[in-house]
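The following pair of complexes shares a single chain, subunit A, combined with subunit B in the former and subunit C in the latter.
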Partner chain A sequence: MAKGTQGGFWQRLMAIDRRVIFLAVGIAVSAPFFLPISPKIHITPEVESLYNALKELPAGSKVLFPFDYDPPSAPELQPMAVAAITYCLENDLKMVIMGLWPQGPQQANLALASVIEGEVGDVITYNGKTFKYGIDWVNLGFQEGREFVIQRMGSSFAAAFPRDYRGTPVDELDLMRGVTNFNNVDFVFSLSSGYPGTIEWVQLAGDRFHARIGAGNTAVQAPMVYPYYRAGQLTGILGGMKGAAEFEVLVGVKGGFGTRAMLSQTFSHAIIIFFIIVGNIAFFVGGRPSRLKGTEEV
Partner chain B sequence: MKREIPLIITGVVGIVFIVQFFIPHEPFSSLSDIFSDWFSIIEACAIWLGALNLIKLSLDKLGKPMLLVTSAIVVVALIVGIVGAPDEFLAGRFPLILFAVAFLLMALGQYSRSKMKPDWFFALTTIASFVIMLIAGLAFSGGRTFQEPGTHYDYLYRSVYTPLSSTMFAMLAFFVASASYRAFRARNREAAMLLVAAFFVMAGRVPLAEFLGTLTPDAFSGAWATTGGFLSGAADWVMNFPNAAGQRAIMIGIALGIVSTSLRIILGIERSHIGGE
Partner chain C sequence: MNIRLPAIIVLIISAVLFALSWNSYGLAVTLGAFFTLGIFSFLYKDNPFYKFCESVFVGVSAGYWFVQLYYQNLLAKLIDTLGTASFGWIWIAYLLAGIFGFMMLMRLAPKIGWISRWPLAVIVGATAGLWFITYLQSNAMRQLENTIMPIQVFTGGVLDWYQTIGNIVVAFGTVTGVVYFFFSKEHKGAFGGAAKIGIWFLMITFGASFGYTVMSRMSLLIGRVDFLFSDWLRLVQ
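Here is the complex of A and B:
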């Protein structure tokens, strides 16, 4: 009798209404934004390695920023973009922004707007310093052609991007005058959430044209990119929101979204781990006998 | 000739790209540049083709009366866009005129076969969204390019497109949690290993232990910090070794498959992409 009741409880637990799970996840994601707690962020070697690669660049170096993502991936990638742009502005690194995704150049503008004081215009101000469009940064816009654009940039940036996103011929932009191909770019900071993205940048810009590349990827894409980091083809990886939070800590971005959202992600991971554990307990106690024997069942 | 010409183009382009990778000199480098430029041009045309096809499929679902009303509204809106575009921004007018002509032709072509479908509202929303973004971007950007901050297109991008697409993606978190609860079970040895790896990655990629440390007395903070370091290290190990090894195996497998399929296409053995067997 008692056993039957126990089995019934676990069976009911296994068949729990999914709205209960949705509610729990909703609370876990949103509640931490109201908590005044900021957990310590542990810096991983791959993030530190990317930061060190940026630190090696002297002032005036040109950093190519391919923004290969769209708004759904922005919660993870936008904090990386904000931190990277902050670092470039603080250390006088020149930014060449572009996108193999149509939404990329606008995401770049949004990131820039959240860093500077005032609006994005021909002249922007950050920490009292002024930066001019065409001299300190350019936005080449989106170009269709996926990895073939990277291939074309290997022979001529101007052929791949004849005009910037405003329609100005790139020959008229001071920053682009000395930039013929990847030999004239000191670092490529790929921010990507899929195809075309970091993998294509490594295979063409890195392997073919010997560009130094660092990457910021969504948590879903990061595992696919790790082999390139292990092989030394990437200087470092920022993986998901945790990578963004670590990078914010290293760059010194105060109150960055990545760091603020870390607690929210911590809670959501904890709740999913909790549900998985409960689901497995229910499975073994009330649903099925233990089958940890081998591969007889998939 | 309908098959031979595409096969010849495919073969020549494929061979040039392979050769120029190993011999990056003339004439292969120039040919590669020309083919890359053509790829971008064809892709850009394909985007238009895809967009027009989406509109055509949507028109099919409206039914005759609504198709007429929708077409009339869209044409008037396009005329307003074409006439209202600033003189200095003629580049925006040309695609609007092209789209207006294409839209009229499609509406006329689809009129006889259009039948109202249950999802007509989504089809109408698709057409409306497309036309609004097109006109806002090409006609009413105040003489600037549509992506610049402060334009109407930029406003729609930030205020409508971004929250809608982010919401769609964010909903995955809820379904992942529900699916994990129901399906992520240690049914066998492999599933148990996956489960353990997932635990370490999920717990180690966030400061879970460090957060728990803030809830307990100071005497335990050292223990939680050690646990956090261990979990983070374990997650890094899983990502850097078993994950990297598995990903490499998958990549090598995919690469070999791509090489063999590409060779079949370049040599004309595989013809399914041009309607052959």
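Here is the complex of A and C:
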């Protein structure tokens, strides 16, 4: 094949319509939903570490769940929430739900609704066991104030959350009667997609008030949170959908969204890597397309 | 009118599909599907459906946040407190905060915009003071402490190669990364070489971060596709 022809082919490849790439990514994401296979999910140390930290909690321990995210981050964080709530219900851990993001507590209710049998009410049923609101779990709702809410919770939960999301005074909730500050919760499971979120929980609840913290984060946020894990400020991290899938495997959630989505995630990554490699080969073999060269003259 | 036949056919099919969907799955799911597809349509090219969906999203978001801020901040924190709390230091503190908040709005009037600098100065000063210790403790001291670690790690009397190499990479990467940001000495010779290696560490870090960002964006796409296939079209369970 003549060099000129080669250059022409690669240059045409460089100038490929971007919609072809969108279509390829779309097919890579959609097709796996109809394939009866699932990839093997390897458990990473940071996910295992968080799971082990939860396993150390005896029945009756109180887990604080800050739901610091909103619906756009649900594909990544909701599977983590579902798996974490499942674990708590299976192992009789008490859940104190709250949010520094307005939609967070609603996401918690959605996650709870997807785990239990029936609807979320005063009494919920899971695996034949019943759990009562105010005794086994509470939802304190959203509180404005960002990291200052965490700071205030360090001295008094009731001052930061005088009422739960239903308007019931916190003092009237059995579960909250013994909870004054972070000394009275056994674990903080931060589910976060940005600010305020895991970083603020580590800095204030963790480093200042010595709470044990584990985190589930969006993949965008995960690289910013990893240094805290390395330094021992976090017990573990669930990073993005992959972290969610690993956690689902450990908890034993059957057919969880994180696990189901892993094949789509794998295929889409493969197609992106393929385009990156082909694009680079085309760039170096075929040279820069005239369209790009022209921009230098402007 | 310059409307092409394929566009009309697509429009009619879409209308029928959405009407059937509304009838079968309800308004919420149908609207969700409509807006999802409307936003995705931009991938083909800019079009009126995309513009409509984008405008609705922007409008709904602005409205939502306005209501949220009013009810959670202004009403719950300021107006209710001033109305119910008895006169005292706390009442005065809330009133002052309210006055500062009002002063912030002076930015909207160019002639008296300078007034907004006063509350801004309070916010900057208070935030810097509050966060200084926190960042020093969490982001400086604890991270530094974690960088000081043994170069050789032994587990049960046997050299742990995985940990050892990891620790060497962390120590080497930290030192060379810091060298790159040291601008008081010209980056030449061994110092320049270390700075270049530092750049490589930084680039690898940025690459990993970008990789995570791609994974995150793909997750969002997967979430939407799952919604379309599971909740709307009911093709998968």
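We take it that the second predicted complex is superposed on the first by the 286 of 298 C-alpha atoms of A that agree within 3 Å, B and C clash if a C-alpha of one lies under 4 Å from a C-alpha of the other, contacts with A are read in each partner's own complex, and residues count from 1 in each chain.
Quick note on the criterion: a residue touches a chain if its C-beta (ideal position, glycine included) is under 8 Å from a C-beta of that chain, and two chains touch if they have at least 3 such contacts.
A quick note: this is a predicted structure, and the numbers were derived from the prediction, not measured.
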| item | value |
| --- | --- |
| Simultaneous placement of subunit C and subunit B on subunit A, clash or fit | clash |
| First, second, both or neither for A:22, with subunit B first and subunit C second | both |
| First (subunit B), second (subunit C), both or neither touched by A:8 | neither |
| Contacts of A:257 with subunit B and subunit C, given as first, second, both or neither | second |
| Which partner reaches more residues of subunit A (counting touched residues only), subunit B or subunit C | B |
| A:223 touches, of subunit B and subunit C: first, second, both or neither? | both |
| Contacts of A:165 with subunit B and subunit C, given as first, second, both or neither | first |
| Which superposed partner A:118 touches (first subunit B, second subunit C, both, neither) | neither |
| Touching partner for A:240 - first (subunit B), second (subunit C), both, neither | both |
| Which of subunit B and subunit C A:204 touches, first, second, both or neither | second |
| Touching partner for A:265 - first (subunit B), second (subunit C), both, neither | both |
| Subunit B region in steric overlap with subunit C, selected from 39-47, 57-65, 75-83 or 219-227 | 39-47 |
| Contact residues common to both interfaces of subunit A (with subunit B and with subunit C) | 22, 25-26, 29, 72, 74-75, 144, 208, 219, 222-223, 227, 230, 239-240, 242, 265, 268-269, 272 |
| Interfacial residue positions of subunit A with respect to subunit B in the complex | 14, 16, 18, 21-22, 24-26, 29, 37, 39-42, 44-45, 70-75, 103, 105-106, 109-110, 113, 119-121, 141, 143-146, 148-149, 151-152, 155-156, 159-160, 165-167, 208, 219, 222-224, 226-227, 230, 239-240, 242, 262-263, 265-266, 268-273, 275-276, 278-280, 283-284, 288, 291-298 |
| Residue numbers on subunit A that touch subunit C, as the complex places them | 19, 22, 25-26, 29-30, 33-34, 72, 74-76, 102, 142, 144, 202-204, 206-208, 218-220, 222-223, 227-228, 230-233, 239-242, 257, 260-261, 264-265, 268-269, 272 |
| In the complex, subunit C residues that touch subunit A | 43-44, 68, 72-73, 76-77, 134-135, 137-139, 142-143, 145-146, 170, 205, 208-209, 212-216, 218-226, 229, 235-236 |
| Complex contacts: residues of subunit B adjacent to subunit A | 21, 29, 32-33, 36-37, 39-40, 43-44, 47, 91, 144-145, 147-150, 154, 157-158, 161-162, 165-166, 168-170, 173-174, 176-178, 180-182, 184-190, 192, 195, 198-199, 202-203, 205-208, 210-211, 214, 225, 228-229, 232, 236, 239-240, 243-244, 247-248, 251 |
